[in-house]
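Shared between the two complexes below is chain A, which has chain B as its partner in the first and chain C in the second.
Up next is the complex of A and B:
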């Protein structure tokens, strides 16, 4: 069964899918998987520090991971963070059409995002060096450097399994599940 | 800020640089080496009136396709869009900028639109381009912004009275011709303020949080050259040796900050530039020593390095004393060259400082300042001191 993004059915089915995966998939979660994204969402929501630093922030942010078929990532991944005045309203995996409409889009190759989440690559420096691209109003994002740094730090504190660390068997399994989710939810 | 063991950086300096008197004559051959046959000169009316655009046109010969002379100080989104339309009409396949930073930045914008289409606003951000743009040969006529070797273009949005920053490695000009003859007739005050822009680039590259040794080498030598040759350029404009060395210093300072970014001085200068039309070099000149004083308790060792390059270091001098000496030397230099010392002299109203401080917080440069400047009050204090 497939669901149209933006509908109540999509949201309901998405949350049910996430709940099942959180209950059945063993940790550490694979970066960018629905259960990883859901854990990330919860940690941001629980962060008082983020809440303070992002008090005036308005706008959606997308973390866009480019495909890497060799490592099992057959399609672009768009993680949409719905952030509003210090509150993280949601973090979802979304279809490309929705991801590309975000107010801010940070795009990078899988290896770069793995390095960010591993704590090995600082996002501001990565942008300066062209390792991560930023689309959006620089003047606004600059005022919230602390908040965006905190978002990175929260991700880096998570126990994460990276696609580059998977065995061939695990990678094939990931690939199949991702294809199934893509068919159902469009991402 | 000593280099730590965790130092890690990328040094990028791809521009082919051609230096020397009369090297503007190489323009035609350089256009061909870029694979072009129809070169559009992008410039401003002042450069045209000075006969410099004609020099380049002659050098281009059969490769000359036309001249777009609509550039203005601070450029403009509408100017870039007009330039791109004109470039398409004349079938340009190479762009040749002849002018100061605003002209070079305008040309960077045109290069993008010629290749990618759309509007320039679509490309606002960091490193969004994914391929080389229309080839760009930059011929600076000031010394200067260093824009001939940098990945940034600052274009004013005249409708919203703000400056938009475009940063991309694909914006860096392919070739730069640095010919002292093109700066010979620059008036003394413009020589001084554009020269101070270069000094600010060099000093900000050293106090930037992204500071690294290769850029430091460029910046320190630029500082030494500027100290020696900029006053000579101001006093004796026909001194082509001095003009040439000052140009090289500006280019070296550009290479430095292209790799390490600039910081609070530029954030504040951009703001008063956008709000009160203070020329960029003048704003930098006035603000630089005040920001050095502001930063002193965070990066005095960086200023101590600069003090040694300036010949100010005295045995037993503390880093803080060295930093103070640097600030005082900058004031002395600008006073000697007759550059306005205070923002009020540059037409900035006192009741406009708060708006400028607020705007500075949104300027990308600010995040690279060694001492955090995260509140309006912190920046306002520096503005008041400079006013």
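Up next is the complex of A and C:
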């Protein structure tokens, strides 16, 4: 069955799918998987420091991971962070059309995002170096350097399995699951 | 050969004679331009007097130089250097400016101007293409830089054309040791007191205008590399940020990483202050953006304070270094006050880094009881008092009361005060540290300690590379270095010093817009403008030669390994903030640095290297100096 993004059915089915995966998939979670994204959401919501630093922030942010079929990532991944005045309302994997409508889009290759989550690459530095591209109002995002640094730090604190670390067998399994989710949820 | 005009103006102020001398081929080939050629000229002109020359004596030459790519439309290349022995540090003095000055000098057909001797009454130099005159400046002496700039631009301009003007203010005339030279009000030869050297020569300023153009050796290639760089700049987030908030764009990120010095280098966190001083905060006084000749970055600010205590007319706004020197260092969190202090420093002709840091040092000494109201003439020196700081700025320029003590710079002031005060001092080779904390970037610490003009964050480009905003991947510097670690930093510093000496002080590229350049962009710029193929190896050799020559001048002036160190105040870890607990391992880095530089234990360069770089004569002079010592 497939769901239309933006409907109540999609949201309900998404949350059920995440709950099942959180209960069944073993840790550490693969970067960018629904269970990884859900864990990330929880950690942001629990961070008092982020809440303080992002007071006044309005707007959705997308982390866009470019495809890398060799490593098992056959399509673009869009993680949509719905952030509002210090609150993290939700983090979801979303279809491309929805992802591209976000107020701020941070785009980069898989290797770059893996380095960010591994704590080897600072997002600000990566943006300055052109390794991660920013789309959105620069003047606003610059006012929240601390908040964006915290978002990176929270991701780096998570125990994560990277696509580049998967065995061929695990990678194939990941491909199949991703294709199924794509067919069902559009991402 | 493209890029060069092939001649220099030689101005003897004592005899009031001006002559035209050819720019020797060996200078162009070996030292390229800017302060590379400036160093060689200074070394030759000083000759045997180099060790004993008083920087404020007529015998100290003052050399203004452009580079081969100055005056072209390659982005971020409108730079120019000035060199002399520094009255502040006693060693090699060097300052660098953007704006219109280098382009106008090149358009007039000159690569540089050398001033010798001293005039018996105030003069200024007027250059209009072939014509060059020394004109009386008696009525300009004592006047502030903005007034004199307006007057000279009106006097020598015509129609819509405004000549480029560089002048000193009362601070330079009165011998403040960190007096600057102000160009078109908003650009400054700030560091090492070159304004005081001009003052000692009774040289009020230079007025330059030209109608020619720079000859491009390989126009096709030039067009290609220019387009490539412009596209990179358009894409660059760094450039967009510089345009958006000026050089102050990174103050918040800097604060998070522990890069911004606070309260005379002794505080690790000041979120409230940084919020009050960040890019958006300055938008309350921003009226426009400005830029240097042919530069698409436009990082300069134009500000106005319409009401209140700090009212100021539309004019140049403060840059990051000034905001940090007076704001973060003196704990002033009033944007309008800082804009006003900046305006007064510009008008009086003061280096805002040395000025702000000397005042912060004095406040710190006062707070710790090492300086009393008896010594300050009754002034209570306190943190966070903009009205006090503004008063001190005026007193410094006028050499009035306690201002005369502050006019010496923090190093000499500490020597006079004695006691514990040296502990609160933040200088390298008597030059105040610029506004980046070496506890956050250890390579920067080594750069400061070994910089040839005293603590300097620009000539070596190590900061951009260590912060990851400039990538030199062909040299093996891929932006992966972490700031608060000392391992592998000596390699980074040697490479960036050699590259930076050619790039940022000889060619000359601005280190801000220059962050988008990689090695081959730069090589292509040189090759296309000069019209002969350059290689990266040549760039590095040129930089090494220039760096070693400046180092040799310093050794001859008595600055040796004991001076290659960081002050105690930044060798103490902070307890909070982004760089908490971090201290550069100077012993480790210096040992590796000396080995990579082939220095002996006295900090002298090796004969073989000096000979291979064409500096055999300098090596002989060093050996004779050592023998005499």
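Simple rule for what comes next: the second predicted complex is superposed on the first by the 187 of 187 C-alpha atoms of A that agree within 3 Å, B and C clash if a C-alpha of one lies under 4 Å from a C-alpha of the other, contacts with A are read in each partner's own complex, and residues count from 1 in each chain.
The rule is simple: contacts are C-beta pairs under 8 Å (C-beta built on N, C-alpha and C of every residue); 3 or more make two chains touch, one makes a residue touch a chain.
In this text, all values refer to a predicted model and were calculated from it rather than measured experimentally.
In the three-chain model built by superposing on chain A, chain B clashes with chain C.
Within the superposed three-chain model, A:136 lies in touch with chain B and out of touch with chain C [touch as defined at top].
Look at A:145: by the touch rule set out above, it reaches both chain B and chain C. By the touch criterion defined above, A:67 reaches neither chain B nor chain C.
Look at A:124: by the touch rule set out above, it reaches both chain B and chain C.
Looking at chain A, you'll find residues 124-125, 127-130, 134, 138-139, 142-143, 145-146 touch chain B in one structure and chain C in the other.
Chain C contributes residues 235-238, 240-241, 244-245, 249, 252-253, 256, 278-280, 467-469, 471, 479-480 to its touches with chain A in the complex.
Of all the residues in chain B, the ones that touch chain A in their complex are 10, 124-128, 162, 164-165, 167-169, 210, 261, 361-364, 366-367, 374.
Interface residues of chain A facing chain C in the complex, by the touch rule stated above, are 120, 122, 124-125, 127-130, 134, 138-139, 142-143, 145-146, 149. On the side of chain A, the complex with chain B involves touching residues 124-125, 127-130, 132-140, 142-143, 145-146.
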